[in-house]
Each structure stands twice: as structure tokens, then as C-alpha cells.
Amino acid sequence: MRIQSPGLHLFLVILGLLSTCQQKQSVPQTAFIQPNQDTLITSGGVLLAALNAEPETLNPLSALSEPARQVIGLIFLRLANINSDLTTFTPSLATKWDTLPDARALRFHLRTDVRWQDGVPVTARDVQFTFRLQSNPAYGWDGLPFKTNITKVAAIDDSTVIFFFKHPSRTMLMDAVEGEILPEHVLREMTPDQLLAADFNQQPVGNGPFQLVEWKPQQTIILKRNPDYYDYPRPYLDRVIFKIIPDNANLTRQLLSGELDLAENLLPRDFERLSLRWREGKGNLRPVSFLGRQYDFIAWNLVEPSSYRSLDHRRTDNIIDKLRPHRLFGSRTVRAALTMALDRQRIGEIVNGELFRPMNGPIPLILWAYNPNANHIWEYNPARARQLLSAEGWQDNDYDGILEKGQIKFQFEMLTNSGNIRRQHALTLIQDQLKAIGVAMRPRLVEPQVLIEKFIVPREFDALLFGWNVGLKMELTSLFHSSTFFHPFHFTSYYSTTFDILEDRARAALDTRLAQQQWDKIAALLSEELPYTWLYYKVDCAAIHKRFRNVIIDQRGVFVNVAEWWIPAAERLPHDRLFLNQP
Amino acid sequence: MTRLQGMRHSRFWSNRNCRYGTIIVGLILLMAIIGPLFAPYDPTQQNLEQILQPPSLKHICGTDFYGRDLLSRLLHGSRISLGVSLSATFLTMLIGIVLGLLAGYFRGWLDKFLMRIVDILLGFPRLFIILLIVGISRSTLLMTIVVLAGFSWMEIARLVRAETRSILTTNYLMAAQALGLNHFRLIIAYILPNLRGMLLTSTNLLIASMLTIESSLSFLGLGVNEPNASWGTLLSQGRLDPTGAWWVALFAGIAIIITVVGFNLLGDGLNQIQSESRT
Amino acid sequence: MVSIKSNLNLEPEMNHLSANPILQVENLTLGYRRSAWFGTSSRQQLIIRDISFAIQPNETVALVGQSGVGKTSIANSILRFLKPWHGNIYFLGQNIWQIPASRFRLIRPRLQPIFQDSATALNPMMTIDQAIMDGMKHLKLSHAEAQQRLNELLQMVELEPALCNHYPRQLSGGQRQRVVIARALATEPSLLILDEPLSALDLVTAVQIIDLLRSMRQRLNLSCLLITHDLMLAQQLADRIIVLKDGVVIDSGPTQQILTNPSHHFTRQLIHAAGILNRKT
Amino acid sequence: MSFPLLQVINLKVELIRPESSKSLLQEVNFELRSQELLAVIGESGGGKSLLIKALLKLLPPHFKVSGQIIYTDGNEQPVDLNHLSEKEINVYRRRKIGVLFQEPLSGLNPVLSCGTQLRDAVAFAREVSFAEAHEIALNLFATVGLLEPAAIYCTYPHQLSGGMAQRVALALALAGQPRLLLIDEPTSALDCIARREFMDLIQNLRQTQDLTVFMVTHDFANIAQIAAKILVLYAGLPVEYGDADRLWRQPHHPYTHLLFTTYQTLQKGETVAPSSPKLSDSASSSNGCSFAPRCPVVQDHCYPNFPSYQLLPDGTRLYCHFPLSP
Amino acid sequence: MIKRLISRLIEFIVVLFIGVTIIFIIIHLAPGDPSLQFCSPTAPLEQRELLMHRFGLDQPLWKQYTIWLKNAVIQFDFGISFFSGKQVGKMVRQALSPTLLLTGLALLFGILAGVFLGIQAAIRQNKFFDRFVTTIMFAFYSMPSFWLGLILLQIFAVQLNWLPSSQLVSVFHEQFSCGARLWDYCRHLILPVSTLGLIFAASFYRYSRNAMLTALSSEYILAAQARGTPRNHLIYRYALGNSLLPLISLVGTSLPVLFSGALMIEVVFGLPGLGRLMTDAVLTRDYPVIVAAALLSFFAAIIGNLMADIIYLIVDPRLRHS
């Protein structure tokens, strides 16, 4: 389970989707918790799980892709784990923590009975060493922004460690706890170059519930129970076996032919088929859906690409008067008209089945600051859209089916990354719906790498169908704040002083009620100005074999409490018994 | 037509392979030319109520993800697929013959140089180049044709070179040289006509392989982009959900196979006639 | 390379040369390299050692010897297909192996070969009239003149004009050989090289071709180099005979003199083998 | 003493085409006594090699061979080869009749050395072990006049000269110690000296191996002394068949006369007067005498109707309306 | 003869050198910046410069090339992968074995089936067997390989559930007994090998049938028949020897296909291999892996041709004593 870095990881979205046609889905319920009916818990059994891509490394410091993080989560421990409400934490390596008098430091008391795989006890020096690597940019840890607010980490004695902060903030605990703890005795003298090519990446020494047994590239990763795990009876499962299946059709086939116990990111049609079979009582895979961590949107480039090109990035004062608004999407009414021309509910249903929630504002649904009625909702009304456009001077004088104003024709290119089938479907549907109101949109698929380097960073595009992977920290600075104008994520070139003031106030407010008011104002402002047209918020889905008990799956991920999962002896499958009495 | 007179029409028709081959190829070309006029629906018109319907009376070949009728997409697609394959084959034959003749006729360094280029290109991993091109440029039809031709002219060049070298050793070529004819005349009047048999057969086989490769290219993302489709794109769309919508890929696959079998039959038939007429 | 000076009565024949012979071959040496299996040094095989002879205008010389002795290689080196190791060949006063290929190409029409296997001497994909027309290409005639000359040639080699648009494979052996001759004559050659012209034909057709060649020689005052192993054919056509054995000229002289009193036992053996009834016996 | 080894009684070969069937060889009757040599001469394409293949039933299925081919081997009783099954005739092909085709080089397997081919043929034909067959092969090479048999043993067909290839093919034909040897134009590819040597070889083989020879040839040099009988084929019809020396001195059929007189004048070295009517090669298709258009003594009667069969007192068989009287 | 071999070797090295140089230049010119792979765009600028420097991407192109060449040619060290930090040489070797296993078996199956059926069809020319098998082989020759794979998967893996639908070995491979392990390998390989094998078989069928037909109609077979050799002796001892010769050059030229042809099958059947490694490398612009894989496929193509020539020389006596 992984708290996202403060910046919403753009490339994560792409990387996760890099392998052919792989998508996240979600369904109306918030979370799935399967109650623990039977009292007598028996250990033993094997979990067969699917990964959509091969993890590039199992070293927490250099891991980037989602699969890598999921496996690392089972091998390494953190100081504390976040709860499903995404604000409070439960103790893990640290038993308890308290803030020191001047409220700019946190003291953690560690467990003394936790050992690394090779028997060496886990001490505060490991936590101090881990911070030293995490905060050093040379090691290239992608969670670095979490640690910018931390000045020093001191290990008082073997079981207490203190984090010192520059200035107090709401997220001190979240910043301190972020990131798995690394074994100091293994990685002590490693320089960044050595670490990159170290064997540790392929044979990690961890302290978590499971440890690596075997990793066959492009095939399987096999973890076995950590014999001297501090929380003795757990983990109940003997083995967790990850099968690497990049091809979605392949994944579906294996699910249907019973070769998998757990899989996530299913296509809507497959998920519906599984749910149908489950409702009829035939299948033994229980479908699970929960609000995910992704949403899709159309980003309108508010600035004419040629004018942005000529801008000098160093002098950031009075940028507004140098930039010419986009010939099409410069005006707010045009953007509103285009939003009203799209039947977003229908697109959502076709592309995602029911695995989506409508989204009308910038605040992600799973974060505390989300207030549905704060957003201004533009309902689907093509006639109204056509009126707005003609009011803006866009008529179809030469009856060629495309509006024009003066000699500018209302035609543009909408880009998305190739290899993502559902976005390609959405693009085709949008093209069709825009054609109805006389807007000619040409869809274009571009390879992810090229999309970022050639179109997004230099902002050489008109419109972009894209998606964000939501971080658990509530902030929109890197998307719309003027301070991050030249930041790669700020590609709509949105600039508004009111937004700047509101967000500064919201982030500074320690009292949640006050912060909520500011976020509501922001939501109203952005859903009015529409730098984005938000399409839908995805509901993730997964399927878990019915024989597993005490399973918790929610937006934090699928492998949240794998240590707790167990299989009643009666329901064991043949391959569950293979490892019963082995160490 | 006097030149073809040597291959009397009856012998062409009596050869079973030729007969079936011409019938199939004729039907396919007919379908490509007039098919789109008979398409029951507009191939790009989406119809969101009819998504992924299995083959039924209304939609003989069923519908795809956007509810578009697959039969009409197949008919329109045939024009694109055949167009791409035929023009790619033409380009390949052009390059292959010219370079093969040059290498075969003017021996010495030119021959060595061209053959080394062939070796290099043969060794090139095709997939790698395709993926890069998909990455770099907008994948237009022209780009697909160029890529297709770029990868298959080497075999033809080698065939033509080998055949030219064997013709150089024949008596009639030496006699022609003794007549003092210039190189151009020798190549055009003496070498090229004698390659005709081999070229006819390899053209047919080439068209067949072009169709197959075109479908793999679309599978990798290079090819026709929305909203129109070629057989290749239909195949790759079908591939995404094989367990569910089996009909999307099935009919496109069958269409490709029938066309390719047709051209192969024609190729083999011509080959038989060619070898019979030589004895 | 050891040059075996032939000890036979060669000298008298050389000195009565007229001013400019059509073809002059001076101590020509030919051979080929056989690359043995896996690189033991490739053996060099000499087949023609230091041969000299000349052909006067309007004279037919027969080169006689067993098959495999290298007669065809001599023809090929004259036609500039096979590079000789030593010696030079003068045709119409020019050393054909010294002048550049482009210039030699211009005088090639004056030197026409007629091969043994008529089946492969004609382009299978070209009709008869086009094949013969190719012979006249260098004369740059207008279409009418060319057509008229074509009919003349066909009539001369006794071929029905109706055969014009046939393909070579539709003709018999004899007819094909006539077309080859017609094509050769189309170029107004001054030297014809006939390499075993009749051995593929049966007797009756062969006799007709002999008669055709003989009349052609007088009418167009051609000089010919006849290459054959059959002295009977040489007797019919040749003015002079040169006998080859093991790459060396062992006997040469006017036809009657060679046939009546051969000076070398191999020649006698050749005469006997050819079945020529020696008038003396 | 000689006995009739091979008797062919009105052999007819037709080419069966879906639309029409064309007869290529008809009315062939001859008799070959043991240790004799029958020479078959005539135009190329007259059906000579077809006859050889017909004798051994080697023609592909779309040819129909009718008539009787009686083969009597000394003591056994006569057998009609034409009506034997493939298996039975194989026995005759293996042990009784050897055949030597026109293109000697193409009759040898290019990828096997000459020796191995011969050894296999001998081992198979005579059912002996490979070692024994090796010995037999070596002296077979010697009997066919090859100078160093051991060297020839491991050479490959493409390394042989025309003459040597001819002899290796002959050795292969003799692998099964045949009594009858069929030879198809052995000398057309050879030069005259090699041709003479080959003819001498055949002669002494007839004595030493007690061999009967059926030879198709173009070479008329001393044909009268070598052959016992001569069969002249023209366009599939045996126009003349009789004793060799009587035919050589005064041929009755105009075509035979034309052939022999032309050759005799060539031998004397005189120039041959071209035959008067312009010789056109296109054979006539009607069922009249096919030699008519080229026949110097042709009369109107010859064109329409089929030449009549005549048996002359001296035993010569003839197909001609107006044979030349001596 | 030796001279010819040496000149071929020199050519081989030159071609290899030029080919790899071209690839090295092309991938560097292609858009898409590898550094994006191993650090997020939001990372501070100097972090990205640091990583660029570590991978030597900040040096001019020709310098990078010389360094790579020095490592690759001298110590056979192909550097480390940008994406996962593993040794590229090890990665390619690991990916190579499943690919070779798959394509090797498929080629073997293809040759055996293709040649056997080709000969039987040639012997029974124009009978029912010949026409039936020829039409089927036509269909396989013209079928896109992934399409055939999908159909077989659909029938055998999903509907009938006889065979596993992906991966090279089942996850419990280590727990099986030795025999069961072998059986596990077979079960996983049956479908992919038969798919690729059928495609190979189709092309070998065509060649061997034609070669056999020409051999059977040649003169020396008639001469052997005239010597009374029985029919199957003729076919298998005489005609077969000659008709197998042209197949050797065909096998030689199909070596490069061993690498590229398997990609589709690897993706459809979820098998690990060079094809998939190559695709991922190109998508993530992992330059060292791309160059190493390309070098390998070059090597195979040229070795294939060279071997075909050499075997042809050894087997065909006509060339040996030219």
C-alpha cells in the first residue's frame, strides 16, 4: 500500500497503463471488508495473484511502477500504515508516537522484537539511515517531496527516533511515515551507482511478513512466509505467488479457467461477466469493486501554443500579458459549450460499464475535501451548446458541417497515449458527439514517451484526453497554481490570482472546517472556469477467490492486509497443501 | 497481345489452380471495388444501442465496440487493405527488380555492395523499426506502404539476381552480346522477359504475405487510424477481447485467408504453366 | 610456362599471308584455375599452348580436334568471352583484347558465332522476326528497309515468312538453326564462327545446312572459322584444316593435302574415324 | 547357335489426350536373334526412343501400348513383356534387359559418386553383399574400358567427360548381367574417335558377355558390318526392315535410299546435290504416306492412302506404294 | 575455397558492424527521453541531470558509441539496463532460452511435418491426399500467426480447458517430481509450438513438395527405374537425397525468423522471451537492451546465411569439386 507523492504522478498513470490495454475500474461501493465469521483461524495455503507488468526492481528506493510497490509492500515494513479513512494511521514498526513540546518534532517508539531476514535486529539507526538515503537526490527516490519539510532524523537509542521539521503542518505524521525502512547493515557503503546495479534490487533483505523465494523474469515472483515475523501467527498463508500477465486477454482467460485467485484492473465486460456468474452462484471468484485512485479528463490548452513557445521561461513576472489566449479554447463560454456538447454519462457507461462515478470538479472523490454540491454541473445540452457557440461568433456559413469564425475553422486535434484502449474508445465517442454540433475533432494516438516529451512538456497541443493518479495529499498546486506555471503538469497554462489566494489559505488552515470552506470555493471556481472537462472518476475492480477470509480491499490497494488472510482447512485447494509443513 | 499468345488461353484456364485462383481473386477485387456501394450501413456511423451484437440478421457480421456494422466495415476495409497490399507489392517488386537486375548484371563491386545491403536489412529486427516509426510519425497509409515495402524487397532482389546470373550463362544471351547490343537493350529485351515467369509467381506470393503483415502492423499500432478501418485493424480490435466478441476478429481473419489463398492458387498455377511451357 | 615449339611444317604456310588477314591469332595460350576442395593450392590447367593461325578474307578454316581439347575456348576468346593468358588476337587489324569494351562492342556485329545447340541459341521469349531484327539494330535501318531485309534473309535461308511470329520452341531443330544463321547474316558479318553447327542435327537436315552455308559463303564473300571434330564436315566446307591435339597444332594445310597425305598419325586416325573413304585405297 | 531372343509383333503406341488420341508408333514388327545387333535409324522425333521405353513399359500412364513383346531366354518359355505387372517386369528389368539412354550424364545420380551408384545397382540386381558388389563394380568399370577403375569409383558424375560418362552408364546397364541391351543414340554427344571406340567396345561386349544389342543410332559409318538387321523408322512407321548389308547396297524405300546415298557421297568427299523438291520439315498430318512431301519419287497416289505393306523375296519388309526396283 | 570462406567472414563482420551502428544511431535520434523512465517529470532538475550523467546520456553520441563498442566488443559487457539496472547481457541470455526453446521446437516440428507431408503429397500427386493437404497448407501459409494462436487458445485452453493458456511453466513447477515437471513443460508448450510450427510447416511443405516433384521427374530416376529398382527404393534412396538439398538453404534463411516471428506468439501466449523483452525495451527506450537484442538478431541472420552456404557446399558434391 503506498501513499502517493504530493505531486500526482503523471507518468505513473502512463507506466501503469504501458502494458497493452490495461485499465482501472470502479463501482459505486466505497470499500469491501469481508467480516471474519469463523473463530478458529488455520494457517497454510497459497495465494495466486496477477501483476500487470514485471516489477523493474524490489528496492523501495528505486521502485516506480505499481507492481513493484505492491510486492515491496509485503517484504518491507513501515513505521505506521495509513487507515482506510486516508487520514489516521495504525502502528506497525513504531508502537506509538508523540509530538514534542515545540510541535516541530515527532518522536517514535519502535518495537524491539523485529528482525531482518538475515537475523539482524531492526533498530532506530535503520530509520535514520533510511532517511539519509531518501533525502539525498542522488539516490533518485520519487517520494523526495514528502521529506522536504524534515530537517533531521535522530536515533536517540535503539528503539526511539525523533523527526525534526522546518515548520509545523497538517501532514507531519504522513511525511515522516512515508517510505519503507531499509537495512543499514546491508546498504551502508553503497554509492548511488553501486545501488543501481546492486543484487539487493533482485534479492531484497526485508523485515515484512513475506520474503522473496524466487523471481523468474517475465514469469513469476514467489514469496514465502517470513518464519521469524514479529506478529507470530500471522501471516497465515504459506506462499504468495505473483504471475506476470501483461496481456489483458490472457488475464481474462486465466481467470475464467481458474488459474488465478486474485486479479485487479479487469475490463468492464469481464467484470460484468464475473459478477453475473457470481450472482448465479456458479463462479468461485468473488467480484470486488471500490472507488479507485484515477480519474480521466479533457484538458483544453488555454494558451496558443505558438505564443507559449516564444515565452522566456526565466522571467516569470507579468507572463499573462505576453500570452495570447488559444484561438478556440481561449474563451470560457466555448469551453462550457464543448462541455455541454458531451454526454459524459453515456461515454462513461460505454467505456467503463458501471465502473465509474460522474466527476464535475477538480477535487478527487476519495479525498476528505470532496463536496459534490460545491461543483457547478454542466448538464448535457447540445442545443444550448450550439447557441453559446453562435453567440461567440462561430457559424457554419459554407455548410460544410464545420463551424468557422472569420477564416478560422473550428477543427483541432485531441491527443491521447496509444496502448490505452478505453481512452481510444472515449476519443472516438467524443469525436462523434462533437461532430453533432459542428466541431471537427481529429483523434490522434501518440506513444506515451513521445506524448510527454514532444507535446505535454512543450505544450504543443490543442486538447488532451488524459488522466491523473490521485495522491492522498489534498493539493492542486502543481496543476493550477501560478507558482508552478512552468511545471510539466501545469500544461493547461491556467493562471488565476483568486485561485492562488484561495489555495494558499486552504493549505495553511490547520482547522479542517476552515480548510473545507476554501476547497469548496476552489471547486466552484474551477468547475465554472473549466480548464479541464472532467469526464468520470474510475471505480477499481478486482476478483478474489471465495476461500480467502478476513480480506480488506479498498482504495489503498488490494494487498493491504494480506498478512491477515487465511483459508479454512475445509476449503483448501490441492495446491494449498503443497507447502503446509515446510519452513 | 501477341506476346501472351505463346501462353494459349485454354492452357491457362485448364490449369485447376489458375482457375480457382482467378475466380477467388476476381471476387475479392470485385468486393473491393463495388463492395462499399452495397454496404448495408455507413461504416463509421456509431450506434451506441447496438454495441457488440453477435452476428444476426440485422448485422450479418455483428457489430464492434461502437455499434458500427462489421460487414460494411469489412467491405470498406477491403478497399484499404487491398490497396495497401497491392501498392506495397508494386513498390517492393519495383525496388527488388531494379536492384536485383543491377546486382546480377553488373557484377563486381556493385553486386557485392548491394548484396551487403541486403544482408544488413535482412538482419534488421523488423519489429524494432515498426515500433519506432509508430512512435515518431503520424501513422499514415503511405507510411504503412513504405514500411511494408522496405522489409520485403530484399528477397525479391536476391531471386532476381540469382536468375539474372543464370541467364547470363545461357547461349542466347552470349549470342545477343555478340550482336553488339547495348546493356539497356540486353536487360530489357533478353533478361527481363525471361524473368517473367518467376516474377509472376513471386508477385502473387508477395501480395499474400503483404496482407498478413499488414494485419500484424495494425496490431502494433501502425496502420489506418480511426474512424476508418482495414482488415488489419479489425483483427487487432478483435484480438483485445477474444473470449467475448469472437466475431470481430473472425470475419476479418477469414477474409484475409480467402484472399491470400486465392492469390497463392493463382501464383502456383502460373508457376506450373511456366514450367510446362519451358520443357 | 614452357612453350612447346611445334616441330611440324608450320613455317611455309605462314609466309604467303596476304596483306591484311580478317583474323590473326598469335601464340594464344588459354587455361583455367581449378579451386580444389578446401584450399589446397588451386591447380592451373593449361588447355591451349601457344597457337597461331590466320584467316584470309573469303576463306574458311576448319579447326579440328577431339571434343574437350579446347576448340570452343578458342572461339570464346576470339569472341572476347574468355580472357587468354598470353598472346593476342587481331580482328580487322585491331587487337580485340586491348581496345576498350565499348569500342569492341561496335565491331562485334562483324564477328558472329553460331552455336552447336540451336535450342538454347534463341531467346525463348522473343519471336523469330524480332530476333533477326535485333541483328540489324546497329545498321539503324528504317522500318520498311528492315522489313524488306528480313524477308530477303528468310528467303535466303529457305524459311517460310509465315513462321515470323512463332516462338523458337515451336520450330524443329533444323528450322531453329536456319533462324540463327539468318540472325548472324543480318549483321553483315565479315567472320562467322561456327562451333559444331551440325552435330545436333540428323543427316538429312545437316546436308541442307551445309548446302546453305556453302552458297552463303560465295554470295556474301564471308570468311568462316569452322570448329568441328568431324573431318567429313570439314571436307565439305573448309579450304584449310588445322588439326589440334593436346592444345598444340599438329597438322595444318589445304583440305585436300591434309586428307590425302596426312603428316601426323593422329590426323590419319581422325580421317579413319570420320569414315572418309581415302581415294587412294 | 542363335535363337529369337526378342520378337515384337505389331506394336502400337498411342498418346491418350482427353479430346483426341494420336498414334505415335504403329505396325512395328521385328525379330532380334541372340548375339545379333539390330540398328534402328531414322529422323529424330521419329519415335525411336519412344520404342525403347515402350519395350520396357517405362512410358507414363497416358500412353497406351498395344501388341506383343515376346522375350524368350534360352531354356525358359517365351513371355509377353507388354502384359506383365510392374512387379513381374521389374524382374526382367533387373536381370534380363539393360538400357542405356541418350543423355549419359543426366542418367547418373549427381549427388552420389559413380562407384557407389554402380555398387548399389550390382548389389541390388545380383543380391550380393556390398563388399562383393564393390569387386564386381571395379571389374565392370574395367570391362567397359575405363583405364583406372579405382579413380573413377570415387569421382562424381559432373567431373566426367562425355565419353567417360557414356561408359559409366554402360557399366550401370550391365550391372544385372543382362542378355539384351537397349541403347538409345549412344554417340550423338561424342566426337568421332570416341564414337569409333564405343562401337568397337559394343562389338567385343557382344562376344564376351554373350549380349544381344538393340541400338538406335545416327552414325552410318560401317553400319553394314556391325549390324545384322536394320530397321528404318519414319514418323512412327517402320518404313523398311531387312538384312543390313543387302539394305546398305540397294535400299528399296526412297527414304532409306536418300539416307544411304547421301552418306556414301559424303564419305567420298563429293558435294551432295540438294534433293530437287524444296525440303520442308513440316510432316503431313493426313493418314497418307508421311514421307510423301519429301519423297523424290512421289506420285499422286501416295498422298491420300496409307503406304501398303510389301514383303520382298529377300525377306525385306516395306511400307511403300512404289518401292525402288534395284 | 578457404579464400571464399575468409572473404565471407570479413563481409560478415563488416555487415554486423554497420548494422549495429545504424541501430545505435536510430534509437538515439528517436524521440522519447529514457530519463523519463527512471525519474518522474516532477523530480527536481538536478536529480534528472545526475541520472543522465550516470547513464552517460549527456555525452555526445559518438562518444557514447565508442564507449559502448569498447565494452561490448572487448569484454562482452553490454552495460546495465536503464529501466531495471540488471545486467543486459544476463537479461538477454535469460530471455533467449525460452525463445530458442519455442522457435527451435517449432522449426523442428515445422521441418519434420512439412518435409514428410511434402514427400507423401509428391508421391501421391493429384490424388485426394495431395489436393487435401495442399489446400490446408495454403490456409496455414496465409494465416496471421496471432490469429491462429487465438483460435487454438480459444478452443483448447478456454473451452475445453485441456491445456494451460499461458506462461512457460505452472507456478508449482518446483514442487513437481522430475517426470511431472517435464510433462508440465510439454503441456505449456504444446499450443505455442504447434501454432508457430504449423506456419513453418506450411512453407517447408511447399518447398519439399516442389523439390520432390522435380526430383521424381528427372532422368536418373527413369534410368534407375529401368534397372528395375522398386518404387519406394527409388523414392527414399534416390529422389529424397536430391530433394532435401534446397531445403538446407531454406532452413538457413529461416533462422532470423526465429527471433522476430516469435513475438506475436509470445504476446498471445504470455511466454517470456526475446520478443517481449524487445517490445518493452523499445517502449521504455531502454537503449542498451535494444542494441543488445538487435545485435543478437543480426548475428542470427548472418550466421543463418553463412551456415546455409557452408552446409550446402559440404553436402552438394557438384559445388565441392566445382
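Annotations
The chains carry the letters A, B, C, D and E, assigned in the order they are written, with residues numbered from 1 in each.
Please note the rule applied: a residue touches a chain if its C-beta (ideal position, glycine included) is under 8 Å from a C-beta of that chain, and two chains touch if they have at least 3 such contacts.
Keep in mind the model is a prediction, meaning the values are calculated, not measured.
Hopping across touching chains, the smallest step count from subunit B to subunit D is 2. Chain pairs B-E and C-D differ in how many C-beta pairs are in contact, and the one with more is B-E. The chain with its Cα centroid farthest from the Cα centroid of subunit D is A.
Per-chain Cα centroids separate subunit A from subunit E by 39 Å. Rounded to a whole number, the gap between the C-alpha centres of subunit A and subunit B is 46 angstrom. Centre-to-centre separation of subunit A and subunit C, using mean CA positions: 90 Å. Each chain gets a centre from the mean of its Cα atoms; for subunit C and subunit E, those two points are 55 Å apart. Shared contact sites, meaning residues of subunit C that touch two or more other chains, are absent.
In subunit A, 249, 253, 256, 419, 447, 449-450 are the positions where the chain touches two or more neighbouring chains simultaneously. Among the residues of subunit B, those touching two or more other chains are numbered 135-136, 239, 242-243. Across the complex, subunit E meets subunit B through its residues 11, 14-16, 18-19, 22-23, 26-27, 30-32, 135, 138-139, 141-147, 150, 153-154, 158, 256, 259-260, 263-264, 268, 275, 278-279, 282-283, 290, 293-294, 297-302, 305. Listed in rising order, the residues of subunit E touching subunit D in the complex are 218-220, 222-231, 233, 237-238, 241-242, 245, 315-318, 321.
Taken in their complex, subunit D has these residues touching subunit C: 43-45, 161-162, 188, 190-196, 218, 220-222, 258-259, 262-263, 266-269, 271-272, 274, 278-281.
Residues of subunit A that touch subunit E in their complex: 5, 7, 9-12, 18, 20, 48, 54, 56-57, 62, 64, 137-138, 140, 142, 144-145, 192-193, 196-198, 201-202, 214, 216-220, 222, 241, 243, 245-247, 249-250, 253-254, 256-257, 259, 419, 447-450, 452-454, 457, 478, 487-489, 575, 578-579. Those residues of subunit D whose C-beta lies close enough to touch subunit E in the complex are 56, 58, 86, 90-95, 98-99, 101, 103, 106-113, 120-121, 124-125, 156, 158-159, 169, 172-173, 175-176.
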